[in-house]
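First the structure, then my questions, so here it is.
Chain nomenclature is as follows: A, B, C, D, E and F, assigned in order of appearance, with residue numbering initiated at 1 for each chain independently.
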Amino acid sequence: MTNPPISRWPVPALEDLPDDIRARILEVQAKAGFVPNVFLTLAHRPDEFRAFMAYHDALLLRDSGLTKGEKEMIVVATSGANGCLYCVVAHGAILRVYEKKPLIADQIAVNYRKADLTPRQQAMLDFAMKVCTDSAAVADADFDALRAHGFGDEDIWDIGAITAFFGLSNRMANLISMRPNDEFYLMGRVPRAAKG
Amino acid sequence: MTNPPISRWPVPALEDLPDDIRARILEVQAKAGFVPNVFLTLAHRPDEFRAFMAYHDALLLRDSGLTKGEKEMIVVATSGANGCLYCVVAHGAILRVYEKKPLIADQIAVNYRKADLTPRQQAMLDFAMKVCTDSAAVADADFDALRAHGFGDEDIWDIGAITAFFGLSNRMANLISMRPNDEFYLMGRVPRAAKG
Amino acid sequence: MTNPPISRWPVPALEDLPDDIRARILEVQAKAGFVPNVFLTLAHRPDEFRAFMAYHDALLLRDSGLTKGEKEMIVVATSGANGCLYCVVAHGAILRVYEKKPLIADQIAVNYRKADLTPRQQAMLDFAMKVCTDSAAVADADFDALRAHGFGDEDIWDIGAITAFFGLSNRMANLISMRPNDEFYLMGRVPRAAKG
Amino acid sequence: MTNPPISRWPVPALEDLPDDIRARILEVQAKAGFVPNVFLTLAHRPDEFRAFMAYHDALLLRDSGLTKGEKEMIVVATSGANGCLYCVVAHGAILRVYEKKPLIADQIAVNYRKADLTPRQQAMLDFAMKVCTDSAAVADADFDALRAHGFGDEDIWDIGAITAFFGLSNRMANLISMRPNDEFYLMGRVPRAAKG
Amino acid sequence: MTNPPISRWPVPALEDLPDDIRARILEVQAKAGFVPNVFLTLAHRPDEFRAFMAYHDALLLRDSGLTKGEKEMIVVATSGANGCLYCVVAHGAILRVYEKKPLIADQIAVNYRKADLTPRQQAMLDFAMKVCTDSAAVADADFDALRAHGFGDEDIWDIGAITAFFGLSNRMANLISMRPNDEFYLMGRVPRAAKG
Amino acid sequence: MTNPPISRWPVPALEDLPDDIRARILEVQAKAGFVPNVFLTLAHRPDEFRAFMAYHDALLLRDSGLTKGEKEMIVVATSGANGCLYCVVAHGAILRVYEKKPLIADQIAVNYRKADLTPRQQAMLDFAMKVCTDSAAVADADFDALRAHGFGDEDIWDIGAITAFFGLSNRMANLISMRPNDEFYLMGRVPRAAKG
């Protein structure tokens, strides 16, 4: 049986990649137990790969008024709106792990208004969805709504910038038909003990 | 800790329900191991409950040119388009079980065009999505596209009618904020053996 | 001259129908003077017919905080939004008869905001239109707007459920190209005396 | 009992109007038996009134490859899409009279694809609806589709220009909440004999 | 090298035009230094040309609570929303000249919310955009928002009527692929002195 | 007179920036004669700045089957669709300079279908606009349309990736209300000689 393709474009072999990219991929593999397909498929263009990963890390690893889980909520909600299978599945997995809530990712991907979130998190996703779907209309009132929930200016930049970055990521994944690894679908759904 | 509400409206106690409705619910419970919340929440209105279930059974249990899995594909795809958390989660579970494919429901809910489906199934969902989102524009060309894949007239009625019925169901679930049972999220994701 | 078809699917002859369905149709014919095409066209699938009619009756014949006319306003407004010719024409006729207002159905079908309605009825249709076109976004504020006009919880269920049911009905009618009976177009437009 | 307003702006009295406008209005009244409200409400601005009527006459009274009825089909279909109550009701009446078909206006206003029209007329309305809703995307293929049905260049200008003019008219009527005269609703629905 | 066509339809020669139309065109040419293509392309239909120009003059030359520049802001914003190249380019030029602001037209055409405007002008364009894109939903609250900025009833008619007229104009220009004169693109961008 | 703000967030002073970022900005200033505001406003977050510029350079400076002008066409068309004032104005200027066509940027920003482009360039922008507005629906037929115009796989990646990157850029610019430098508006509009 052949595996389904993970990209419309050629996927480079690990040994053909520049050292820095191969090193990064091996590091991820060691940590996660598998290589998420975004690394292999985007490595088709090494310079764009490096910029993509640098941007991702700058936003997602940064200290922030948002928790790591909240950042992933933004990714999952906006990727759902953009119909991006890779990002919903892969970041849905990460979200479940961070939040230790096995239901949260499906809730947010389908309809964040029905998800088990705080009013503050709902406001965060309202703003993210506006940046995602109608950024030209973002206005003072949208900033005021966030500030009423205690978000500061740097938090708001984070919300908007993560949404913007995954606007790029979603379009790339849809363009190349990036396929999520099978491993992501179950991650964070089953209690650790059950897996031992 | 209190459980989150499963409906914006009162949820009747089993013992307060008419006999036929209680019998149906107990039958489902015996079979599934739990009572799906759609039964409890819609039982708030017994006559509407009976009509809803009769309609559901007439469409979903009927012999058809569509497999049981294909019918659930229609439910999951159109419920995703309607942002209906209950139906995506509950029918996604049923779809995984019928198809014995743990990835299929998430794929279809986020973007059916990227799902592991046959061209015939893709055409089926193209039609279902048009009935779901723009039924006024359904035209001869849409029927021709289905017939080119071997769908007969009764199959096409099934595709359209299941879409129409879940158009109702999605709106009811969104109206009452029907909450999916936690059990659905994991169903069909883990091989049977692993659960034993 | 041949009559135009009333459905894309075969229409059963009265004598070929199950007894209960034929009885219901004859009863309607006796009362209305003709058989509305929804009865003949949906009878192609007897089980679905029975569920459809049971659901219809449960919602439309139920005692409610909404008048019979108000229920039909919901049907006409949402069917207009869905581009459903059958439901606009047939239920527009019923609405005119109930309300004894020959202009009301056309007003609501084209633009309910310009119709001769009370502010309470306008609020009812605002809510119905949101359930019809964007049910995933229905939120507390929408319920509050209805309560400010005195609608109770059971009234709100009625508004939402009638909208949901005709979401099904509109899609079925568009799917099968259900043709309204000519008789509906003039019903309720001419004062009784003028017809005598 | 007071009559409902026919405009959000003041409506001039006949005797206060410039002679040419009063003459035109009296001429229409003599012919139709009543003064359509578009004449009274737009007369609030005499210069705009004159230009509006000149434009209307240039398009609607012009010899054309389109029949008078076909021109009104365009008006009714696009006015329906724009949610313009005045134009759907008033021009629906005129359409019924021209075509001597009591059902045609309601059919076109709700969903022209389900109306009793020739394929040529359907193509005409497809084009009109594209000019109405997305004129920026009108392209060679749209012109080709019309030419395949025998429409010449001047016919196509007529289709587009009538749509454009009622794009103006619909927006004015919605702006001022122009109310259709009660007389329009029944015109052309009842055979002449029945009225005698 | 041949010039690109300025219309999909034949463009009449000046000498073939009726005297009044030729006179108007020569007058414009004397004033502007060239003949804007709208005059030549619409002259294909003299009666419609006369009505178009009469309507234009009635609205744009009228004394008003809006400045001439503000009227052009409405034209540019709504023509941008309609994707009308001719009107954005030609009226953008006029707007720059009237306002003596070389940046204003591009700002408004792309995203009026980011333009250097007063809050009153922003409110004016909010209203115009609603009439442009969703006139059926214009409601009391929209009028109230304008009145809060000091707009009177006649000003509001001007805003709505200019929007409506260019709704016609944009659709005509898109229909015939009316090409803007090259001269418009630079008008009002360079200080007068620089041209001397 | 104070200058209008160029960002909703603080704009760092050159001397406060990390050396590499200051060096890059000074290099741009030397070449362009001014510092485009994107450099100053995004420097608020140095790590994101570096990733943004690296991504930009990887895509825009790369050897490609697209000319430098064609890449800018993609930027201007999709930024217009996203209502991004900064990118339309700044990249419109660059496009005019590359193509030595003073009209091309305005044409593409308002309605690329009416622009002076080759059929191959029109197809390129059709694809870019689909990735911009509905990437989830990109399908084989879209790729086939590009291949029919001679675009190879790497060209298609370029089209999609540039669109995706400016999907990010447009959202950031709209989020922070990034103001285009006045200098951009006139660049490439006046022949060099005229400026001497």
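The rule is simple: a contact is a pair of C-beta atoms (placed from the backbone, for glycine too) under 8 Å apart; a residue touches a chain by one contact, two chains touch by 3 or more.
Keep in mind it's a predicted model, so treat the numbers as computed, not measured.
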{"item": "Where chain B and chain D overlap in contact partners, by chain label", "value": "C, F"}
{"item": "Farthest chain relative to chain D (centres taken as mean CA coordinates)", "value": "A"}
{"item": "Cα superposition angle of chain A on its copy chain B, in degrees to the nearest 5", "value": "180"}
{"item": "Farthest-lying chain, centroid of Cα atoms versus that of chain C", "value": "F"}
{"item": "Chain F against chain A, contact positions shared by both copies (same if over half, else different)", "value": "same"}
{"item": "Averaged-CA centre spacing for the pair chain E and chain B, given as whole angstrom", "value": "52"}
{"item": "Chain B and chain F: spacing of chain centres that average the CA atoms, whole Å", "value": "44"}
{"item": "Residues of chain C whose C-beta touches two or more other chains", "value": "83-84, 111, 136-137, 174"}
{"item": "Pairs of chains satisfying the touch condition", "value": "A-B, A-C, A-E, A-F, B-C, B-D, B-F, C-D, C-E, D-E, D-F, E-F"}
{"item": "In the complex, chain D residues that touch chain C", "value": "4, 80, 83-85, 88-89, 102-103, 106-107, 109-111, 114-116, 174, 177, 179, 182, 185-186, 189-190"}
{"item": "Residue numbers on chain F that touch chain A, as the complex places them", "value": "8-9, 44-45, 47-48, 50-52, 54-55, 57-59, 62, 82-84, 131-132, 135-138, 143, 153, 157, 160-161, 163-165, 167-172, 174-176"}
{"item": "Touch list for chain B against partner chain D, complex", "value": "136-137, 139"}
{"item": "Sites on chain D touched by chain B in the complex", "value": "111, 113"}
